[in-house]
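Multiple structures follow.
After this come two complexes, each holding subunit A, first together with subunit B and then together with subunit C.
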Partner chain A sequence: MTKKFNISVNHVTRVEGHGNIRLRASDGKVEHVEWQVPEAPRFFEAMVRGRSFEDIQTIVSRICGICSVTHSLAAIKGIEDAMGIKVSKQTDKLRILCHYGEQVESHSLHVGYLVAPDLLGQKSVIPLIESHPDVVKTVIRLHRLGNIWMEIIGGRMTHPITLKPGGFTAIPSEQKLLELKKAMEDAIPDVKILIEVLLSLVDKFPAFDRDTEYIALNHPDYYTFYHGDIASTDTDEKVPVHEFERVANEYVVPQSTAKWCKWHRDSYAVGALARFNQNAEKLMPMAAETAKQFGLTKGACNPYLNNVAQVVECVQVVEHGLQLIDELLTTGLKPEPVKVEPRAGEGVGCVEAPRGILFHRYEFDEKGLCTKANICIPTGQNHANIQKDFEALAPQIIDRPQDEIRLLLEMLVRSYDPCISCSTHFLDVEFV
Partner chain B sequence: MSKLKVAFFDFACCEGCQLQVYNLEEEIIDLLELVEPVEWREAMSDQSDDYDVAIIEGSITRIEDEQRLKAIREKAQVLIALGACATTGGVNNLKNNFDMQDVKECVYGKDANMPHLDTYPTKAVNEVVKVDYMIPGCPINIKEFSYIVRCLALGKEPKIPDYAVCVECKMKENVCRFEYGEICLGPITRAGCDAKCPSSGMWCFGCRGFVDNPNVNAAKDVMAEYGKTHDDLRGKMLLFGSKQEFE
Partner chain C sequence: MKPILIICLGNPLMRDEGVGIRLASELMSYLTDNPDVELMDLGTGGLSVIHAIAGREKIIFVDCAIMGRPPGLIHRFTPEQVTSKKVRMRYSMHEGDLLNTIELSRRLGECPDDIVIFGIEPKEIAHGQGLTSELENNIQQYVKAILKEISFA
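The block that comes next holds the complex of A and B.
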């Protein structure tokens, strides 16, 4: 008997943006499996041309609602690099702190609202409000912490206002920083609840290892999201962010409106697991302990464990965030200058978005008008790796019921925490 | 009383306005007493063609999106445009200042003519279908979102502010951005954002679109008083309002 079936998921749900999954099987064999990205392209690199350096952050923040702080910071670093602008230690710390808020907001949203329903056998977080009210309320509190955090420093929870080339348009008062500190301390028990819940569910993640290349920022002294060089698990070479094009090697494929990337192999992965695999030994004590609880160690290559690495990072940024606030309060806060004299130049900004490493490159003329931009998005860098995971995973699970195959493929996509708006916008599964 | 069935649909945008809905935090649970989301791809796996209210996020930039939007309009009793991309075109309008072929080549180079990368000039939702209510802003104000959804669920007519951001800004006792030598779009932009940008040391870039009848003469007086020209203003208006014109 010939058994043929197709699976087709148009617009994978519970992800940011639009992506499709296509699978065709016959006689227990996978004939074709494909990850497609049909998101409407938005052409930011074209749109910023002719705009003043002062407006770039405001525009490119809108590439992505969920990584708007990251995009803002990458743009600002690129502008400062192009114009030779140095910033104060205070600005540096406040930016990193603001960025940590985005990690907490994004990771808690992803693990709590988008992934948890899969682990608890539901189609969305809404039925969990009845079945697991304490879990949902814990997630809500953590999510709100991330939002308060960004609002206090960035002026707004989505699309920050205060982050500008040269510094800040407004800085938080000491009172506000103390409020934030208290909110972070109060959140530690919630983080522990989330850890317990995930520990009890971690066996629901499929046992699927596939060795791949992991790429993330690396700093010799600390677990970095903001400073450092580009590093790969395939080589000891550290690549300055200025040379990101030779890492990303972007190319266009017919199944995607987002560009794909590869370096030493056919694909590579970025995101929380990549950062962990690059920097795990530099985690702070509580975060290191969290990784230990999950048995997560350097070299992990099960893509579903990206969700675990995200929880480890939530602990890391709260722990380091508290330290940064103490340092800022000890030094005392001073208003930051933002007056910048434009000059012609070219520069790169690189920052780790919650979902992986992000690169912005800009060129400006002598009036500070943008003449060229190139933006390389983390989810774009993951697309080829998702495809390669599909090709390895699908034959392993092809004997299972179709609903289960579909779910495992969707969960795989979700584990990357894709941001398809960013990479253009993506997700659908089609069993064709 | 049966709950109002609500479906979210997204087009070209950053999905930050849907994200703002998550940012209602516990209040979402209250809203779920009044409305039943039947489709919300960013949050739920469920899908449905049976809805009362369609909430549309994002701009329309492709023929296939236009067809999808028209099909949604036919099914929905009420259609809401959510956020700047949907209500005015938002930052996506910046694309319209260039030739489309040039835009494609700039981003995709030699691959620009691959058919799946095609695009046309950005349209707001109301340039394609009838829009019943607008929730403006980039991002939206979640309090305004919650208010409008509650009104619709309770059969009331929602009203959003039709006065300028300056009103809210003055109430916050901010120093006027023009005093800093900046150009601020507060005098002509629709309030309802709590003047968040000028309150954080930034000029208003007009993300909520203009009030229904902008007091152009007053805006001109302000510009003249601070020695700014019409072109200065137009340059700033381009950021979020490339298509909104006034003389």
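The block that comes next holds the complex of A and C.
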């Protein structure tokens, strides 16, 4: 008798694209498996056209509530590149510090709210409060740290207002930086709890290795989220960010309305694991020790381990963030008035979002009005790789119960920490 | 920490979905230097709500809400009066649901008892800036309704 089944997981929203999983199997064989992908947010590119360079950051910071610092910084770097603006060391350090706050917030939330329930056998974080209250409270505290962090440097919890081309509209006081330092030091035990929790559960990730091309920023001197060139694990070549289109070669596939990306292979992966695979030897001591605890080494190619790399990065940014604060306090903070004279030009900004490398390209006329924009988001770059993972993973797990197959495919998507439905959070209610 | 907090939510790049953020800028002039009321634009920050509300006496949310009412209508309700119709896949922390966040806060024992939501029915949620006329023409009415909640008007 032929045994057939279909698995279909639908993501339904009223506005955004979709992120659906489709699997069709017959007689223990996968006939079809597909990751149906959501559209990239191309519409923002049209929104910034015709706008002054001074308004771009405000607009792009609203693309996403979780990556708002990242989008702000990518835009600012692109504008500065186009207009030949150099920033001070103080600005550079404060920006990196602010960006680290977003990494902590995003990573701790992802691991604690989305991944932990899978590993602890719960459907969401709500029942987890009853079954594992300490885990949830730890994650909430880490998220709170990220919020305080971004508020002190970026001027508010989300959608920062102090980050501008050329520098900062307001800088934190030394007192505020000391407060942040204390909050970070106080959070180290929480980071350790997160590590312990994930260590106790890491065996629950499927042993699924698939040789993959990983792409991330690379810097010769340090583990980078902000400076450097684009690098692939497939070659030694380092590509300047200005040539990012040479890396993120977009192509069209019949199954998707969104474009896929490839460089040396049919797909590549970006995100925490990609950054780890590029920069692991430059981790700071505590972060390196954390990677060692998990047995995570350069060359890891199990996509589920992106979650582990995120925890390693939480340690890294707290550790390096503390060092940056000390450096800023040693040199002393001073207000630096920002005056930018617009000029015609084009430029690229590249920053590592929590979920992977992000590119912004802009062109401006002589008045500083934007004439063209192109945004290439990490989630869009990962879609093809999720599909390739599906094609390799599904045959390996097809004999398992359907619920388990479904969960493992969902967990695979989640491990990439995709940005789906990020631009709207409206209420959709019925009265009871 | 001020006892009353007004949290405006939404995305000004998604037409009527941004009505909360528009109202944040309208309300600001009424609330500057108010000793009891704080105003926050939390955009699409999702779970940041949980930290903002902890320890307050009263929370007023202002957000776009699909309620099955005529576009432009403002409706005052409490979290207990509604259930969410949102389907969430948990693929991403980017899926926000305010009611879920309030529930999480409650279970953590941090949530104020007094929560009011001002929902405004959208005409159009789509990529673009600016509100539809159905909402734009009612802005002052929304401001009055919200200020009345804190006995301001």
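Worth pointing out:
To be clear about the criterion, the second predicted complex is superposed on the first by the 401 of 432 C-alpha atoms of A that agree within 3 Å, B and C clash if a C-alpha of one lies under 4 Å from a C-alpha of the other, contacts with A are read in each partner's own complex, and residues count from 1 in each chain.
FYI, a contact is a pair of C-beta atoms (placed from the backbone, for glycine too) under 8 Å apart; a residue touches a chain by one contact, two chains touch by 3 or more.
It should be emphasised that the depicted structure is a prediction, and the values quoted were computed from it without experimental measurement.
When the two complexes are overlaid on their common chain A, residue A:110 makes contact with subunit C while staying clear of subunit B.
With both structures placed on the common chain, the touch criterion links A:144 to subunit B and to subunit C. By the touch criterion defined above, A:217 lies against neither subunit B nor subunit C after alignment on the C-alpha atoms of chain A.
By the document's definition of touching, of the two partners only subunit C reaches A:413; subunit B does not. In the superposition on chain A, contact of A:82 is made with neither subunit B nor subunit C. In the superposition on chain A, contact of A:55 is made with subunit B only, not with subunit C.
Residue contacts after overlaying the shared chain place A:19 against subunit C, while subunit B stays out of touching range. By the touch criterion defined above, A:69 lies against neither subunit B nor subunit C after alignment on the C-alpha atoms of chain A. Touch criterion met: A:126 reaches subunit B and subunit C at once.
Looking at subunit A, you'll find residues 11, 13-15, 43, 46-47, 59, 62-66, 68, 109, 113-114, 117, 124-126, 129, 137, 140, 143-144, 147, 156-159, 410, 421-422, 425 touch subunit B in one structure and subunit C in the other. Of all residues in subunit A, only 9, 11-15, 19, 43-44, 46-47, 59, 62-66, 68, 106, 109-110, 113-114, 117, 124-126, 129-130, 136-137, 140, 143-144, 147, 156-159, 410, 413-414, 417-432 touch subunit C in the complex they form. Subunit B meets subunit A in the complex at residues 10-20, 22-23, 25-26, 29, 32, 37, 40-47, 58, 61-62, 65, 90-92, 94-95, 97-98, 102-104, 106-108, 111, 114, 116-117, 119, 138-139, 196-197, 199-202, 205, 239. If you check the complex, the residues on subunit A that touch subunit B are 11, 13-18, 38, 40-43, 45-51, 55, 58-59, 62-66, 68, 109, 113-114, 117, 123-126, 129, 137, 140, 143-144, 147, 155-159, 161-162, 164, 168-170, 252, 254, 256-257, 259, 410, 421-422, 425. The part of subunit C that touches subunit A in the complex is made up of residues 9-14, 17, 40-48, 50-52, 63-68, 77, 81-87, 89-100, 103-104, 107-108, 117, 119, 122, 125-129.
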